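Going in written order, the chains are labelled A, B, C, D, E, F, G and H, and every chain counts its residues from 1.
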Amino acid sequence: MNSESLKKLLQSVAAGDTPVDNAVDEISKLPFEDIDFAHIDHHRSLRKGFPEVIFGEGKSSEQICGIMAHMTPRENIILVTRVDTEKAAQVLNRFPQAEYHTDARMVVLKKKEPPVRGKGTILVVSAGTSDIPVAREAYLTAQAMGNCVESIFDVGVAGIHRLFAHKDLIDQAAVLVVAAGMEGALPSVVAGMVSRPVIAVPTSIGYGSSFNGLTALFAMLNSCSSNVAVVNIDNGFGAGYMAAMINRE
Amino acid sequence: MNSESLKKLLQSVAAGDTPVDNAVDEISKLPFEDIDFAHIDHHRSLRKGFPEVIFGEGKSSEQICGIMAHMTPRENIILVTRVDTEKAAQVLNRFPQAEYHTDARMVVLKKKEPPVRGKGTILVVSAGTSDIPVAREAYLTAQAMGNCVESIFDVGVAGIHRLFAHKDLIDQAAVLVVAAGMEGALPSVVAGMVSRPVIAVPTSIGYGSSFNGLTALFAMLNSCSSNVAVVNIDNGFGAGYMAAMINRE
Amino acid sequence: MNSESLKKLLQSVAAGDTPVDNAVDEISKLPFEDIDFAHIDHHRSLRKGFPEVIFGEGKSSEQICGIMAHMTPRENIILVTRVDTEKAAQVLNRFPQAEYHTDARMVVLKKKEPPVRGKGTILVVSAGTSDIPVAREAYLTAQAMGNCVESIFDVGVAGIHRLFAHKDLIDQAAVLVVAAGMEGALPSVVAGMVSRPVIAVPTSIGYGSSFNGLTALFAMLNSCSSNVAVVNIDNGFGAGYMAAMINRE
Amino acid sequence: MNSESLKKLLQSVAAGDTPVDNAVDEISKLPFEDIDFAHIDHHRSLRKGFPEVIFGEGKSSEQICGIMAHMTPRENIILVTRVDTEKAAQVLNRFPQAEYHTDARMVVLKKKEPPVRGKGTILVVSAGTSDIPVAREAYLTAQAMGNCVESIFDVGVAGIHRLFAHKDLIDQAAVLVVAAGMEGALPSVVAGMVSRPVIAVPTSIGYGSSFNGLTALFAMLNSCSSNVAVVNIDNGFGAGYMAAMINRE
Amino acid sequence: MNSESLKKLLQSVAAGDTPVDNAVDEISKLPFEDIDFAHIDHHRSLRKGFPEVIFGEGKSSEQICGIMAHMTPRENIILVTRVDTEKAAQVLNRFPQAEYHTDARMVVLKKKEPPVRGKGTILVVSAGTSDIPVAREAYLTAQAMGNCVESIFDVGVAGIHRLFAHKDLIDQAAVLVVAAGMEGALPSVVAGMVSRPVIAVPTSIGYGSSFNGLTALFAMLNSCSSNVAVVNIDNGFGAGYMAAMINRE
Amino acid sequence: MNSESLKKLLQSVAAGDTPVDNAVDEISKLPFEDIDFAHIDHHRSLRKGFPEVIFGEGKSSEQICGIMAHMTPRENIILVTRVDTEKAAQVLNRFPQAEYHTDARMVVLKKKEPPVRGKGTILVVSAGTSDIPVAREAYLTAQAMGNCVESIFDVGVAGIHRLFAHKDLIDQAAVLVVAAGMEGALPSVVAGMVSRPVIAVPTSIGYGSSFNGLTALFAMLNSCSSNVAVVNIDNGFGAGYMAAMINRE
Amino acid sequence: MNSESLKKLLQSVAAGDTPVDNAVDEISKLPFEDIDFAHIDHHRSLRKGFPEVIFGEGKSSEQICGIMAHMTPRENIILVTRVDTEKAAQVLNRFPQAEYHTDARMVVLKKKEPPVRGKGTILVVSAGTSDIPVAREAYLTAQAMGNCVESIFDVGVAGIHRLFAHKDLIDQAAVLVVAAGMEGALPSVVAGMVSRPVIAVPTSIGYGSSFNGLTALFAMLNSCSSNVAVVNIDNGFGAGYMAAMINRE
Amino acid sequence: MNSESLKKLLQSVAAGDTPVDNAVDEISKLPFEDIDFAHIDHHRSLRKGFPEVIFGEGKSSEQICGIMAHMTPRENIILVTRVDTEKAAQVLNRFPQAEYHTDARMVVLKKKEPPVRGKGTILVVSAGTSDIPVAREAYLTAQAMGNCVESIFDVGVAGIHRLFAHKDLIDQAAVLVVAAGMEGALPSVVAGMVSRPVIAVPTSIGYGSSFNGLTALFAMLNSCSSNVAVVNIDNGFGAGYMAAMINRE
């Protein structure tokens, strides 16, 4: 039930067509029972400004295609994350207009290019080549949400001069996403160089006491730079989404 | 050494007053050895837009006063976090113009009110009364950095209707800080209601398997809402700082 | 006491030598010494009111069939949990009257419908679609134990209005089972809405710092609602069993 | 706003005294903004059937007394948990009709005895003498919520015969609360003896690899008895509360 | 170098054939360089009373056969633990006189039956059917080391009467090995019944918060019975070995 | 069976009406049902061969004295562990015949020397001087239980020659207790030198990643020597008790 | 930009050919933009004295070959770690002059033998046969970096005499690398014998509470010998690299 | 027994004064029973090149003074670590020639300046002012062991330019010790700048998910720079000791 149908009900009360007790009953269930709220994706697109994103891991290509078929009529852009090559082939077979980004393991279906809504540039930085899939997931997510996105890859702290070579790009970014595994030191260093919000995303890259990204996660939460907030391990999508939220007009 | 002094040196070279070799020598040490850079706070204030904040825990009131005395001539606002009542009394004795906020355990010294620089309102929400110190630390930090800040306290998920009672405030916020201990569920619920960035700050409130805030931290990192990023346990200051960064024009 | 001595006692009762009350008293102590009680399933069915449930994981289809063959003559209902599709096919080949529930990965063999013994309705709620297998395991277990069971799936806290749309069902439940992975916040929210016992069951859904359900488990143990108790990760069977215990007349 | 005030508003609409648009506006904010909902304790008492319980740890005796003074006019019974001897003395000085239970570290203020509402007996069992404070907290909570409560203390599994000596009490209980520290084995053994729900509460008793109750907690979650659900470490209050919920007519 | 060769050296000194300085030098390196110590297995059999046991996991059947071929001439009994069915077939092909125990995943090669050296009976108890492989590994190890061994399987604490049915066997044991997974409660209960040493061996049976045996391990270390000591998770071999050590004349 | 029925049975024996063998049989079943067995200490002394030991930590000197007063008439020896100097003074004031061992933080009250019941010598070895309290607790416990006990302190693996200097003592021991903190390596080295059972007891000595003894505990559980079993961190009492169990005739 | 190009710029300023403002601009970006720094491998070889090592895990043979092809013209030696047999075959097919070391799972391509640069001998010691792959990785790395390397394998602390048999080799080493899994005790014992730096490398060998090497790691960090520093679990490469750094003239 | 006394014994054999059998007997106990080896510190000073260092934590000032009195006659330098101000005053009262370094909480007693034995300069770097105590402990230890030591404090990665300002000092160091708490990123950055061994020492500085230094420890073990090895949390002494070992001629 939306404002208009509520108005109609009240007009009916005012007109004496609906008894007061019936109206009391109907209104008291609101806004919980309205069938409109059951169109989940539809509602989210209105409420949050972006449709639900399909988490591909653990879903069959049939399930992914089913959800996509359900969303296609209503949404201009559909993202599917964590899709392996094999599933992607099956999805693209069904939706030929979709693109598969191997590096990010992501399927993107755009009915039209999203209009640029972000106020500045989002910069995605990653520490090592192994962190690129996570970084690219952030990149494509932010881009799909209507942002100018730039990226710098493979600038780990063991060769810190590589980072400084990109100082201009870093200085001009409105929001930064920094992905790193192993010791997770890069977000601290980058955040120390700028006065802009940095979203740190730990990756599961490493072995032994990297604990599948936990060490990087904790390091980032303990950053000595204050302009850092953190998302879950390997959550490139979440980092890109959060950056897009921050970058909105 | 700043741009102006560099310019003077080069003018001196151009004028033939400084031999090329001397200038090579001087410049090659820049920007690393210039004594001005040793005035750490000064530099940070320029680079990051806000002076260094004093972490009061583990420092004596003498040490705190010493640092404040050093900063006072240069800075318009000084924050000291995690100051207990006793130390605060000694600090205020020395700096009578400072204020002590008992609930946030914070000393704030303002030479003048900070001009409002934030583009929207920052809303600080906390789950329980015990989370208020952390929430207030975020509140005062964001305020000191030139933002309009509002707050809603004691709206835990066990009585979710209390949260909905404040839907207007929530909808109007540009950035939200949500503090919660125990199961740390509040940021997910709040973030599900808005399309704005939410900074989640876990608190160490709880006992047993709350693990001094670790459970809340992990819950927040696993939020099923994507517009959430997280800071360290009890890091109200960091949450307020990050929110201020996001809220900048 | 073994069969022979039990026989003697009963003959003595039959002969009028032992009063019935005395025999009742003596026999009630019996479980500990009688060798016959090595027939485990038989005894449990008497003692606990429900036959032993077969944990299918790590058992071959041959082993499962062997145990079922042993139980069939004595029990009216047999549950096998954690059975994959392949094993299930082999089991159903041998026991064609059994049903396989793909979503719950459970085999149910009923010789006749269990009589409804529960005093009210048990409601099973799950946060996400991925939590459904665990929720369905709880559902089918509670149903097999003679309860009216209802379910609401996919009502995570990121869109809390979806939950409120089912307020009637929630209010009418006598006992609730709430399954959730990731941040595990749903049981707290649901429990805050009712004055009925809630059994929370964490699922291993999530990645990174969800730690295969540990974060959800700890969040549930720290629920700010007091009418919550928790079972092991992914233990849908245990949650359904506990709910059935609570719902007994 | 309750049903009556809603009815009045609609009557006013029906009577033409309130324009439809004003009513739309007013109703759309409901039930979120109504001031009545701010009387938190009052509402909970209606919704959950028992007033909010005061968690005494970390609160001063002044704060505890303040909350009690606020609750006394409205509630028939007030519980304060985790109160040390010193604070308790100050509380009892202010509220002479309250009782302090040293063993449970709990203050109970009853304006009148709670009517017995539970359908059966709740039995509280504890493994060692050191677990008694937690067990007693469960005992007093369940009792205050209108239940017949019995208890058996000091029946750890190292001398299992002590437990069997109380088989009658155990068999007659409708709900059981079992508290244990160290290896946390008691709930499994007790639950294996009955076909009733058992609420297991781990205590922080132990040293070394007991990890302040974590080992007991995990042991209980892994109980090989299925009629067990678990609450947080040392959460005697929660266990008693949950048992009372289960025991309701 | 043994006593005799030392004597020879000193005789040579006494005879003036070896200069004092050379002897000083040679003796100072003793007993580290004597080549006899390099016959590792040989030495252990003398020093420890039992030959080295081959840990089969991670070794190819070729490697296992190679080591066995090396040991066969010298040892009367050879144990290989953690051997899967496939490898076992290849080993038995090469050593037809060896036996493979499927339940314990163990290969045993006896040139002759080991003489009984243990002073009493070792009793191996296991909680569930899934713990049997570990229990059988302990059983066969203790037996191979020359002990009378008895076993009781599937007597978990959820049906404690099953345990008491075997009280005689339990009372007569000189040493007990108790294997359990999940909550690991059985060793405490068994140890409470006897005044004999109990070796507790946690198994990795369980799921969720059983943490692959860690919960059982910690529970056992926190046993409220004092006559319990613990070995590593799934270390049936070590438990049997330790029991045999204790049971020696 | 209660005291009265026991009395009747014994009178019947005295009168020659019940043969001794029958009475023996009947009474041997007694521990489980008789209410008199609530006198815990009495029963344990019979069943386990040693009276209950008082864990002094967390008990007041009044409580300790109360329990001791209760035990003194029945027991020849009483041990109280983890008693600080202040409490010990109060205990000795009340029980002047007791001794306080400062190094072990233990009170020992012997009415007469315990007869030597152990078949060999128990050797207690400790790695560092800081481990001595735990080692001494083991020493005094084993001694009080009627064993010849020897000790070697301060022979850590960083100077392994110190250990070899005591090879004779080590070789002659029937059972060994080895206490170590930090990396916990000593039990492996000692166990590699003997063919006797070694009880390893980790101590909480260390800092940082010693995790209060957890690292030592895990190291000991992973000993590459098979004749090692482990007790809880700092559990010197348990190690001595277990050694005494093993050393019994 | 190096000193010479800076000199040229300043000379151009002195000559009036470059305006002061342009020079300010150019210098302020230095040393971040110089394109020479982008030749990553090249630079590392100069800066660190050894080319980047290829971490083979998770890379396809194509990727490995691609990187090798890029490095071959510039470097005299190329190391690829963690290469399985199958990938190695493909790599050697492309680079026939490379060698594959099965035991260390390492590919080494040498255009010429590295000149010996180390000042002494590096000794690699490993506890068990299963630790050899890690030990060999250290061995080959140190050797490839121009060091004399010796090794002693299979000298675990359970048979400590095996270690002493090699005292001469141990005494003569300039730097030692000690690899051990399980309880990780060997580095402490070895370090106690020498006054040289010991690099300890924990391996993931073990099961149960070895936690994939974490127990060994923590044991090594808690070594009671002070001449020990530790690298990550299974990081044989890092241990060999660090030893080579220490052993440089 | 040292070389000289051994020589005397053999001369006595050569002279016929000591029978061969007696000499065999005496020598066979060596080097284990010789009383000289019981002078632990003395021996270590010879074997390791530096006397044992006194760990002051948990020792009374009396105990510290006792050990110092024992060592003074034999050693030229004595170090006592982790001494608080109060204990230090008492120690200096007894040993007026000793110095107390408040910042490092260390007592140093030098009979004469240690001769410089290190081949290069050791540089100690620390991230924050709170890390200085640990850094200073490393500094003073390395200095006491005869090294030239330099230090740079407060150069955390959040303001990386502060580090580069000291590039000359960093480049000239032969060995580096880098101390950092919180995210522990500094060692990676420093190690990336040099081709020298870096000893990383995590400090317990931080809160929340810094876990008392564990996060820094793990970050350092996962350093993407290979010339890093790590010591225990807060182990400044160990870092300085290891650096001195590496820096030896």
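Convention: a residue touches a chain if its C-beta (ideal position, glycine included) is under 8 Å from a C-beta of that chain, and two chains touch if they have at least 3 such contacts.
On a predicted model such as this, the values are computed, not experimentally measured, just so you know.
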| item | value |
| --- | --- |
| Chains touching both chain B and chain E | C, D, G, H |
| Where chain C and chain E overlap in contact partners, by chain label | D |
| Label of the chain whose CA centroid is most distant from the centroid of chain B | E |
| Per Cα centroids, the chain farthest from chain G | D |
| Inter-centroid spacing, chain G versus chain F (mean Cα positions, whole Å) | 50 |
| Separation of chain B from chain G, taking each centre as the mean of its C-alpha atoms, in whole Å | 41 |
| Whole-Å separation of chain centres (CA-atom averages), chain C against chain D | 25 |
| Touching two or more other chains - residue numbers and ranges from chain G | 159, 208-210, 214, 217, 221-222, 232 |
| In contact (per the touch rule at the top): chain pairs | A-B, A-C, A-D, A-G, A-H, B-C, B-D, B-G, B-H, C-D, C-E, D-E, D-F, E-F, E-G, E-H, F-G, F-H, G-H |
| Footprint of chain B on chain A - complex, ascending | 47-50, 53, 195-197, 199, 217, 221-222, 226-232, 237-239, 241-242, 245-246 |
| Contacting residues of chain A [partner chain D, same complex] | 3, 6-7, 10-11, 13-14, 16, 20-21, 23-24, 27-28 |
| Residue ranges of chain G in contact with chain F within the complex | 127-128, 156-160, 182-185, 188-189, 191-193, 206, 208-211, 214-216, 218-225 |
| Residue ranges of chain A touching chain C (in the complex, touch as defined) | 29, 31-34, 37-38, 40, 43-44, 57-58, 202, 204, 212-214, 217, 232-235 |
| Residue ranges of chain G in contact with chain E within the complex | 130, 154, 159, 161-162, 164-168, 207-210 |
